[in-house]
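As structure tokens, here come the structures.
Consider the two complexes below, in which subunit A is the common component and subunit B and subunit C are the respective partners.
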Partner chain A sequence: MRIIPIISIIFFVLVTLTGCLGKEEISDLALVTAVGIDKGEQENILITAQIARPAEARGDAGAGGGTGEPMWTAIAEGKTIFEAIRNLARFSSRRVYWGHNMVIVISEEIAEDGIVDVIDFFTRNNELRMRTWILVTEEKARDLIPVKTGIEVLPGESIDHLFRYSPIVAEAPKSDAMSLSMGYLREYTHPYLALVNLKSRGIAEGEDMPEFGNLPQAELSGTALFRDDKMVGKLKDRESRGFLWFIGEVETAIIPIEFPEGDGNASIELRDNSFQLTPKYENGEVSFDITLETVADLVELGVPTGKSYDELFTLLEPILEDYIQEDIEMLLNKLQQEYQLDSIGLATYFRAKFPQYWDDVKDDWDELFPDMAIVVNVSAEITNPQLFRLPTKPVKE
Partner chain B sequence: MQLEEKLEQDFFSCLQQNVTEIESILGSPSDLVKRDFTIVEQVNLDASLLYIDGLADSDVIENTILRPLLTNEMNESITALSSEQIKQVLTKKGLQVPSISIVANFNDGIDAILAGNALLFVDQYKQAFSLSVQGWETRGIEEPQSDTVLRGPRDGFVESIRTNTALVRRRIRDPRFRIQSMQIGKRSKTDIAITYIEGLVREDLVDEVLQRLNNIEIDAVLESNYIEELIDDSPTSPFLTVQGTERPDKIAAGMYEGKVAIFVDNTPFVLIVPTHFWTFFQTSDDYYTHYTTASYFRFIRYIAFIISLTLPSFFVMLVSFHQEMIPTQLALTIAAGREIVPLPVLIEALLMETAFELMREAGIRMPKPIGQAVSIVGSLVVGQAAVDAGIVSPIMVIVVATTGIASFAIPDYLASVSIRLIRFPILIASGFLGLLGFATTFVLLVIHAISLRSFGEPYMAPYFPFNSRDRQDTMIRKPFWAIETRPADVKGNEQRAGKNQKPSPNKRRKTRYKR
Partner chain C sequence: MSTQIRTQISNSILLAIVINIVYAKAIGVTQGAIARQVGADMWIVTILSILFALLMMWVVVIIIKRTPEKNILEQSKVLFGAWGEKIFSALFFLFFLGAYGGVMITIVYHLMDYFLPDVPTAIFIIATTGVGLYGLSKGIEVIGRFAVLGLFSISILNILILFGSLDNFHVHHFFPVMQNNLWSNLQATSHHNSDWAMAILMVAILLPMVKQKEKWNKYTQKSVLIGGGLILMWPLLQVGTLSPEVTGQYIISCMQMARSAEIGLFVHRYELIMIVFFSISALVQVMSCLICASISAKHVVGAKNINKLYIPTALLLGGFGYWIVDDHMRAMHYLEDYWPILSMSIIIGITVLVLLFGTIFKRKLVQRKGK
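And then the complex of A and B:
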């Protein structure tokens, strides 16, 4: 039996002579959690990388001690994104590792010039994930990246969580590398990204206290619209919500409405929604019908009333319908009149329904879009008053 | 004269010559008892009784051999009778020993003495009587140390093969229960018995077992593992293809499933063949508790198996090669723990595994009070101090501890040790080659396991090859009313339970109120 010694020698040689090529322990890596892209001087690109300091980010888990800062932010410059990232290595003591990057923030300046290089780099690179959130900021990205925002230890994580739990507000689309490259690569669609901005909403102790606090926090609200790879416009909060209907991202949303009788407000939370977009093609005219049905909860009623819930619901339903309709019409108005940009992908709906007519209209779609008739029908049903079995009655008649 | 030549001789007719020869063969040991006396007073026939003190029961000898022979007056003169006739006279009138046989040469005579029989020589006869008076100190039947159960019988095998076969026979009152005996070991002459139920067992299986046992040439068999290693299908594999157990109920259950049990004298561990991989994850408890609980426990054990086999290698692979596969939060926690650890993950894992194995091995062999001290000191050193000193990361301690505990959750201790052994090649391969190494070694292991056979049965059956009928008692245990058939290895008589055994009120009402 010579074969066993031979095999063991081969195995031994294989294991010892190959060494540990390609082995990089997790503690030899600089884990980037958020990155910002800005325009630098002379057409250069500025990369701001937020890198986690694991020992500080995870309190007692290891042997702590040190600066107390959970992150280290560094800025590097270069002609291209790749060069800038490589330049980071000049002063990073560990290899910069992108596998755990959660957020890419693009400044508005860059976005307006075109983000084709960003899309290319972040989809081509094998370390980056397609589930990385991509946002546009109106400020400098390098101002936003180092800001300590949210409850999480790492700001990148805070922004990540902001996306995950944003449906409750429904004011910004969930835009990740996947949806961006899809919007960019597909025919007759245009990409969109969420907008993030700094607002002084946090409170730090022992300093002058303006009305809304003194700590800048990253706020996720609004949508940046692109024509091909160039940013052309922005949607504000209500228009954004209208926009979310079209990309199918409204799960729950809180709608504040004015109570018609008496002084006060009510809040409605949307629960089950169905949104149907029906393309029509008659006499060479493209038009769309939107049927939106929603079942909602009454979550707040700030006005005491003598009415029963049935009466209240019949009173509130038309107001809710009007509000949602207004959202969508504001959006359509902006898209059709102001930007003349089919960001909501009506072309794909039309193409799917009428492939036979698509060739007739595809070349003129951008010209046709502003004049398309889009009819919105909203029907809302409020069914659930939550825990109160009877409406709050006025104490004194 | 050589010993072999001496053994070949037939007995002499002179009593004194026989006794001297036996004493010279055995070297006049101090425990050889020789009792000379005369029987049948009229003729004063000389007789001599030889036995080994401690193997033969002297009380029995006194009461059933000496007293009847010395007090009974035998009327007939037996001088002229042949051995066979003397045997009849002695058996019918004189001796009260359960079994008497006649031996004619020194070889058989010595064997009889060494087996604990008493050898009775009568002057002028060229034959001797071997009287079975075996009786030596044995351990009583106790609860087995391994394979303990919460519910179920608490008797375990002992060192006496006769007691052991009786323990099994008490569970199988089937006339087709068969025992075949033999002796293995040139010098030890260890009694071996194979048992099976005829009609359930495949006949070629019995032949195969007998053939493998007969091929054994060894000087001594001290424990059933000697037999196990000599009849193993895959002697170089880390997987066990023969199962040993201390529990009579396990052996009985195996025989009802058409398996063959191999009893070895002087050990409480009885072997059962063929053995499938999955049987190492089954305990007797599985059959003595509710089937849902039993299936759940089995599920836990399979998880324990996967963990004890792969967890450290999986961890090492992720941390040193595939950081992108770790969820971000966890990656940060791991990185934080490793921040001041000076060793590569692989070395760290091997270090901790070594520390754990040391603790386990030290704890097992030590007397109980010291064993506890070892485990306390060990867990303090390895658990807390090593982390505080920054030698290992806290997550590695968790990984190794979980792996260790998981390996203890595998019921068969020897199987769990063999899994622990396989773990190291996988660990080293993943530490050097990442996912590639992990996958390669794991696939090699699976290929190897599938290629194994245990006495003609595929080792991984009923999954490889797939047999849907036998699945009723592998991953889960179906309730007894749902397992109607025996496993597929059983030949003939496949039905083990009647149809429609599921208890239900409707069925009862039908019979009770039938008018």
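And then the complex of A and C:
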């Protein structure tokens, strides 16, 4: 029975020694919160890493005798992403740690050349979260990464919050490492990423004030489309909203519409949406029917009117339907005519419904796609005037 | 017979051990292999494997019920003589040695690839085998109670993963259903069948220790159904959330699920949650393999005292486990190409032989019953 104490001692020693291996002290880590990827010199990869200084980032600038800067931004180059990151270690006083990275921004130049290395590196890296946002920018990523946007202390956190808290805008897909990897790896799908660009939307006091502000801010709007791993096109705001219906990301959206009677506008908020895509295969022809139903609220009416809400809703519903239909048709036109790219995954829907005919069309799908008939039927119902029983109109009229 | 063999456990404890012994490997390593072979049909393959397990478990209970006080190895001695017993026991030992390779792949790659890449492989093997030995020294009753705790952990993990993944669940990933023909799907079942084989052969050894033999069939079937249900949730979520293509890309696909899951802003990155809740199941796998391999070794060498065989068995299994996991490519080739064939040959070969010979030589068994 002496064996049990011996095993216990060995086990105890092993467990306590194992605790010393692979340890990471938080004070030894450089916590990356955002990273930009650009083309460097001689076809190199240029990495811009935004690294948080936790003591300063907590909100009290200068606390604890630090520099007062909540972040440190640095660049490094290499032939591969890994080499560039390794080169970052040449001058970073702490080990670069990716576990808290929130955003990866890829420059358009890199995206057009192909991003398979980005997909591979960041999904293979066990430190990185699969819910890390990945975006494309028309600017240099190194210019965008250090820009302080919104009210957050860390720019990476601001972009993270743009994704999380602005579904109401509905103009860019929520693209993360998971959706990118899935879009690239899956058969018959193509990846997509949200677009982010700098716009002068912020206001700094005491400086000359141009028309739209004087502080550049990161603005999330639009979609970058890829064929396999290469970026081949872009969708603007309304086309992007049309795109979001297909990838199931429209939870809510504000639709501004022109009021048909009188000079003014109204805003409608989409609340409860249903989007159905039905593939058809008749006489060797592939076609699709889209049925979109939405229940919406009237959230703003900028025109004094004597009409009741029942009359108003009857008036506004067809305008709302036309507006949404236009979003989708603008998107389809761009995909079918300009890019000839099935980014909305129609192939997967067709294959799911007609697996028996899939072999007949799969090789010609890219040629068939531009001429496919896609019928869009939108039905909108406005049911809630929000708080008011009567439209805003003075009684004296 | 050893003191362990005389120990009695309840049917519920057996149920908990069966679920734990299958779960840890089946939800990740196995599902990745199935996804690479059949894509979105991986959940159908998992169901087919559960049906296979129900059938084999039923067969094993029939076999053991013929001589309820004898395990399958002791019964083989009655049917095939002393050499038959030794050959069958050697095959059982070979099976649990091979199974230990799969168990080590599951445990070591979870910990090493995702948390401790700098720690030497040997440390993981020594630590887990050491814990397994400790469990072994405490006996099957303690392992069983540990497995009940493991069952709670598994349930919590399943609930957390379910809530963390549903937001990104896409039903259209499942279509078309049956993308492969039935034969292809049946061929792919060998990966998950080999997980169930571990549970079934363990039951063939441990069943005589279980009280209330009239409930054996009910509880073993129940264990397959409950365990199967807990496992089936994973391929369903992996197809719906990750897609079969992403699932198939990773060695440990359940960790990829864990990496992608999140509940709100503050509960995300489930890797550590996953390790915490699945480790009991993984350790029950280790302990069960060690105990079954030790019992098999006892029948091979004809030893009276099983206690002396624990350490040599652990050294052999640990050594093999180390050799397998030390090279990722070797590990995956072994797990995907060789282990399913080896395990299927052993489980089907032995159970069919014992069932057939037991039917033919029924009188022989009846005469020796109780002796």
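Here are some notes:
We adopt the following convention: the second predicted complex is superposed on the first by the 369 of 397 C-alpha atoms of A that agree within 3 Å, B and C clash if a C-alpha of one lies under 4 Å from a C-alpha of the other, contacts with A are read in each partner's own complex, and residues count from 1 in each chain.
Methods note: a contact is a pair of C-beta atoms (placed from the backbone, for glycine too) under 8 Å apart; a residue touches a chain by one contact, two chains touch by 3 or more.
Keep in mind that this is a model prediction, so the values were computed, not measured.
Judged by the touch definition given at the top, the superposed model places A:S181 against subunit C, while subunit B stays out of reach.
Residue contacts after overlaying the shared chain place A:A89 against neither subunit B nor subunit C. In the superposition on chain A, contact of A:T33 is made with subunit B only, not with subunit C. Residue contacts after overlaying the shared chain place A:M102 against subunit B, while subunit C stays out of touching range. In the superposed pair of complexes, A:K353 makes contact with subunit C only, with no contact to subunit B.
Residue contacts after overlaying the shared chain place A:A55 against subunit B, while subunit C stays out of touching range.
Of the two partner chains, subunit B is the only one touched by A:E157; subunit C is not. Look at A:E24: by the touch rule set out above, it reaches subunit B but stays clear of subunit C.
Residue overlap on subunit A between its contacts with subunit B in one complex and with subunit C in the other: 15, 18, 22, 99, 129.
Taken together, the subunit A residues at the contact with subunit C in this complex read 3-4, 7-8, 10-11, 14-15, 17-18, 21-22, 99, 123, 126, 129-131, 164, 178, 181-182, 185-187, 248, 348-349, 351-353, 355. For subunit B in complex with subunit A, the touching residues are 319-321, 323-324, 326, 328-329, 331-341, 344-345, 390, 393-394, 428, 432-434.
Within the complex formed with subunit A, the residues of subunit C that make contact are 113-120, 123, 126-127, 130-131, 133-134, 137, 168, 170, 172, 175-176, 179, 242-243, 245-246, 249, 256, 259-260, 262, 265, 268-269, 311. Residue ranges of subunit A in contact with subunit B, taken from their complex: 15, 18, 20, 22-27, 29, 31, 33, 52, 54-55, 57-58, 61-63, 97, 99-100, 102, 127, 129, 154, 157.
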